[in-house]
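These notes open a run of structures that come right after.
Common to both upcoming complexes is chain A, partnered first by chain B, then by chain C.
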Partner chain A sequence: MSAGAPPPPTPSTSSATTSPQIGADEWVRRAGERLVDRTPQLVLLLVFVVLVALIPVITSNEYIVRVATDTMLYVLLATGLNVAVGWAGLLDLGYIAFYGFAAYLFAELSSGHYGIHWATWITVPLVVVGTIMLGFVLALPSRRVSGDYLAIVTLFFGQIFVTLTTQGYRWDWFGFGGVHDITGGPTGLTQVDPFRVFGHQLTQARDYLWVALAGFAVIAIGLSAANHSRTGRAWRALRDDPLAAEVMGIPVNRLMMFAVAAGAGVAGFAGAVNGAYYQGVFPTSFAFPTLITVYAMVILGGAGSLPGVVLGAIVVNVLLEVLRTPEHARWVFYVAVLAGLIAKVRPWRMLGAVLGGLVAFGLVVNAIVGAVWPRGTAGPLYAGGADFTTHGWFATAVRHWLVLPKNTYELPNYTIGNYAFVILIALVLTLTVVRGWKRYVLLVPTLWLAAFVWENRLVEEAPTTRPLFLGVILIVLMATRPQGLLGTPRVEVV
Partner chain B sequence: MSGAPLLELRKLSVSFGGLVVIDELDLHVDEREIVSVIGPNGAGKTTVFNLITGTYRPDGGEILLAGENLVGLRPHEITTRGIARTFQTLRLFLNMTVKENVMAAQYGRTRSTILESMLHFPRARREERKIHAAAEEKLAFFGERLMGYRWNQPAYSLSYANRRRLEIARAMATEPRILLLDEPAAGMNPVETHEITELIGRLRDDGGYTILVIEHDMHVVEGISDRVVALDHGVKIAEGSFEAVATDPRVVEAYLGTAATTTK
Partner chain C sequence: MTGVLAFTLYDWHYFFAQLVAGLTLGSLYALLALGYTMVYGILKLLNFAHGDVYMVGAYIGYFVLTALGGALSPVIPVVPLILLMFMAAMTGCAVLGVVIERFAYRPLRRAPRIAPLISALGVSFFIQQSAVLLWGAIPRSYNTFSLHNGVLFTYVTIGNLRLQYAQILVILSAIALMASLTLFVWRTTTGKAMRATSFDPEAASMMGIDIDRVISVTFLIGSALAGAAGVMTGLIYQNVQPYMGFGAGLKAFTAAVVGGIGNIGGAMLGGMLIGVAESLTIGYLSSTFQDLIVFTVLIVFMLFRPTGLRGTPVLQKV
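This part shows the complex of A and B:
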């Protein structure tokens, strides 16, 4: 039976009066639109391309340019994954194999491994076409299985790619013709040729930033056109209801394969750039964690929205990069907590009460611990380097507010941090079940303990804390905005 | 009324497990005819639609559209040959806009490939204009109901009756020769039911469609049908004009049971 859908949005009268030029019908039509929807996508793309292209011009900082280039690779990957996942609604977990396949194919054709050094203008199209072909082959299961089952089958493709490349240095063709080293094994293929364009070797990060950006511009225009064509409509139709789509004359099986193959083509281009940019390919670059990162980008940005997934890729990769060093990670932590409070705690009086309570709570705990157990407040702020978060008013404030035990052999900080972490998880879980004013009261010690765990435990291992941080952000976003940053809320029929 | 019927089912049978759902059913629909299929719940009416559109494959028998056997074709191939249906349970593309729902159904009537669309080839642009025009024309068939700002609203924001109308518009956009309507008046109020009765008549008279309709509302059936076919347990128990079928003792028995027949 058909399920109930939420009632259509009703315009509020106050907003309607502010723009007398447009009639009620027009108002209803525009009600759901945001700035990013109203701006033509071509304008958005142009602004994006200009801004990114200028990065190496504005800064000579090699690190920033490298991060921008890595981010552009992720932007490409997210754009490709969005075709299958966002538009056609196929949960394809084998996507990362396309990226890896393309990078390896490029490396085989342009390195000393086989002594092949083909020109860039031959290898790149060849790699893209080859990956599209692989896309069609790996999309075959979508004819028979769908949803979760397709995810399981395609996950296998991703895993077997890593296994094949890791073990591929002792390929024996079932005993015929001896053992061959095809993939270089766990150490991968190195000394891959850089791109050569019009006689120039592209060796710098900024060259690859521009190459990836130019490729992205072409791909974005092409995919956007496809999305607004009969093919794109058919993808969205089969995402909503494959059976109805089939009965309305849409060859569903063929279109699902097109979606996977189109995404594979984008991953193919990204893979070729990857091989040339890093001048080497390694099995671990194309393993499950990379896939999860790309999925996080698509989901966080809003599956189905091209500007959304680009934004998602930028946010996630820049965030992961910032979290590498403790000083930057510390900023992200405190700003994220504060932003979350400002966004979620209403009214303002309550926000003030929570913040005031938080400060008071910390000062009191600090005073009590300092009196009872002097060593408990004698520890320093952990620092990877010196800046004003470790030597300045901020550090002084934190030292008088938090409890930072002095690290000793009998009771190291990380042991205390581990216990506190467990208590913190228990507190967060309790937060989800209490309601009303009790929740706000409980919020104060929870936030303080979060800061305690952060300063005593997590910040010391900021690089390994990154997935944890990303996970927390995803959970919070999915709870508050399930459609992602720029996505459109979807209605599912039960 | 010249020659062979537009749609003809010959000794069509299907069973699920051991249950025979359709048993050697013969049915024909002539060009520009409106035929109603009635019968109690579970009689196999919707199954007939699923067989015709290729969703189910029959165990035996033939389905002929203008003489061509459709058995074994994929559903989208059958649709492209000229059969479109609506669903009793409403299966719109809820997250697409009203206009997009109708435009999506033009897929089988256009040819441009994904590459042509990406590169804005002349054929892709020409077809895109045609798709827009066709969608607007089909939606205009329903008067003001699906016009104006509604074009750009998601389908989930439509009322129940408008969803039924949109399903019909979407089916029309596949440019069929025969429309299969599965309970078009289900869940509608008396005014809307009256409206849909008129609409089905207009679909034939103005739209030129041949129509096979499943309907429970006997006022609708009486108002539109050239011919009525009654099914029970997958077997045709009566066929003819509405008056003849409605008074047929076997039909009354199928709906009300034997005891009712005797007391009447």
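This part shows the complex of A and C:
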């Protein structure tokens, strides 16, 4: 399924015995096998759809259903971006603007802003088609300028879109006309109509979960079919070597435009759902941070692999959601560090040594700091602004192991945390350079410092910590595992 | 608005003020564009993080200024103070640039083209958010209006044209930096190695040129120039904030493209052009939608002349 998938297994003995057919090459002869190859994907899709569709049935927790719906929107976005980035290898940086364009178009056509309230069955197809057209127009420059310039042109478009949405409430025709309020400005457009399907107003989160899910199922099947068709193969050829693809007679420009437009279409559907689901559109939802979020999803899951990007979207969005609540975030942090250690440190003796060293290091530092500077260990363990100190054995253990300075006016602990953050970055970078036993020795203070920065600085500042993690995901994955979780490693032919 | 347009179009003082403001802005863009164009010329990498290096430079300048007593009561005279700010920012940014290259881009030297681009996006976002974490999202002000009774913003009159000291300072130091860069690239051995690497990395390495070292030097110089641009921004426009690098970087990269990517003279020209165009747009058309106009013009420009003003058409080799 994923791009550049390994060749199907060698023909079985039965096919070896049949005499070779004239005029039918390996590829044609195996058409039947490839159909079979595809079924597991369909099964996967079916399982996914059933599981997600059951979420609102299983739980009546509105929060979980809302998170699931948000995640579904991101799944749609990641699926669309995967077409351009994963399959065709184009860096489409205007992707979020397509999403925003669709959401705004839907809102303009079904809200009180212009007093237009068109029916859902008209607006949604209109929005999707409009976004696809926009995708084509934006991909036009790729006919003239190739590669990185497409990234720049799409990035410009993203910036233009942000300017338009935040400043569009005082659109003045550059002095040649009256002032118009087109986009509602920084506060966006509110009171957007929800979807109306067969006379029913869709007002609940679970309705939109199902709508998004149904849309995803159709889109996934369609895109999967496209990816297995001649177009899909041409996209991969184009991604792996545009020049060779062109020489082979593949219409490179047209395929680039197709890829960008197909992605835009998916974003268009997601945008329409977004507008109706939140019953409002806001410029901040469609800016650079959202773009980075979707990129992190696609890269983490594995660009080019449809199940991969779905997984990536789920993992990243759930992770970001968990980071909002310090109590949950704290558990995730320690469990992730531990899991990372267990996965990466070999042999077991070394793992034990590192863990033991980590505990000992923390206790010693805590004792020294406590003796020299008592206030340094007197601080509370925070959780969402509330004192977490008395909450169980875990908090007690952390307080005796870490250094938690008491916050004072002269020395706020974020100052210490800032220095620690910079030192932590330096230590992590050093870790990537040193080899052998030095690395293990260095690992201990690094991990301890990471916990220090985490407790003193990051855990409380979710709005900054969340995007910070996205940046880290992109950098670390590119350096260690560019194919992501489920992608196929690619070999650049020079 | 139309009336204003007709009135001011023929007012040469107004035009000249816009032009000088544009050249000042253009100097900043040109300095930034040099970093983009040099890196692109050698690595064929669109270094998204460059704008954020510039932002860090602006912050370093701010912290040096604050450490030396702030603009209201500096403990040392103005000239060494500003020199010190420039030197600290340039050094700090040079180190940052080399570190970014060493750890984020060098491991990806042999990866597919899209990998370092995505890594660059990640680095850019990481630096931005680290700045929010470390220094807060609220803008900090250089407050140079108070520096030595606002000496930077007093006017000099040449004939009947008026210029601010700060504008002269920025334009002249940008020209000095660009001149020394040109000398460096064309007159030194390292400069020669840079040109050779940019022309053909493989052949250059066969000739005994240490490509990694050349790339490090490129990042060092480019980032130092970005640091200088950061301090200049603070001196003239006062406010520094974590997100300032994104928009400025975008326009500076465009300047590099307009001038012909990979071409050092082109980057300077492109920077000045974009600066003047933006300033005139603000002055005559719209101060709200200047980005929209500038970017639209650029998209159209790139459609019709993708190689830029001074670029040569790229011959793709197999």
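The criterion applied here is as follows: the second predicted complex is superposed on the first by the 436 of 494 C-alpha atoms of A that agree within 3 Å, B and C clash if a C-alpha of one lies under 4 Å from a C-alpha of the other, contacts with A are read in each partner's own complex, and residues count from 1 in each chain.
To be clear about the criterion, contacts are C-beta pairs under 8 Å (C-beta built on N, C-alpha and C of every residue); 3 or more make two chains touch, one makes a residue touch a chain.
What you see is a predicted model, and the numbers here were worked out from it, not measured in a lab.
Asker: Does chain B (first) or chain C (second) touch A:160, or do both, or does neither?
Answerer: second
Asker: Have a look at where A:488 lands relative to chain B and chain C in the superposition and call it first, second, both or neither.
Answerer: The first partner, chain B, only.
Asker: Give one of first, second, both or neither to describe whether A:379 is in contact with chain B, with chain C, with both, or with none.
Answerer: neither
Asker: Using the touch definition from the top, say if A:470 reaches chain B (first), chain C (second), both or neither.
Answerer: second
Asker: In the overlay, answer first, second, both or neither for which of chain B and chain C A:250 touches.
Answerer: first
Asker: Would you sort A:262 into first (chain B), second (chain C), both or neither based on which partner it touches?
Answerer: First partner only.
Asker: Which of the two partners, first being chain B and second being chain C, lies in contact with A:230: first, second, both, or neither?
Answerer: So A:230 only meets chain B here.
Asker: Pick one for A:362: touches chain B only (first), chain C only (second), both, or neither.
Answerer: neither
Asker: Have a look and say if chain B or chain C is in touch with more residues of chain A.
Answerer: More residues of chain A are touched by C.
Asker: Quick check on my understanding: which residues of chain A belong to both its chain B contact set and its chain C contact set?
Answerer: 243-244, 490.
Asker: Mind pulling up the chain A residues that touch chain C in the complex?
Answerer: Chain A residues touching chain C: 85, 89, 91, 140-141, 144-145, 147-149, 151-153, 155-157, 159-160, 163-164, 167, 170-172, 174-176, 243-244, 288-289, 292, 295, 299, 418, 421-422, 425, 429, 432, 457-458, 461, 464-465, 467-468, 470-475, 478-479, 482, 490, 492.
Asker: For a test of understanding, state which residues of chain C touch chain A in their complex under the given definition.
Answerer: By the definition above, chain C touches chain A via 1-2, 4-5, 44, 46, 99, 103-104, 107-108, 110-119, 121-130, 132-134, 246-247, 250, 253-254, 257, 285-286, 288-289, 291-293, 295-296, 298-299, 302-304, 306, 316, 318.
Asker: What does chain B use to touch chain A in their complex?
Answerer: So the residues of chain B in touch with chain A come to 53, 55, 74-76, 79-80, 84-85, 87, 89-96, 100-101, 103-110, 112, 114, 117-120, 124, 127-128, 131, 148-149, 152-154, 156-158, 160, 163, 170-171, 174.
Asker: Inside the complex, what are the residues of chain A that reach chain B?
Answerer: 1-2, 5-6, 8-9, 25-26, 28-29, 222-223, 225-226, 228-234, 236-237, 239-241, 243-252, 258, 262, 488, 490-491, 493
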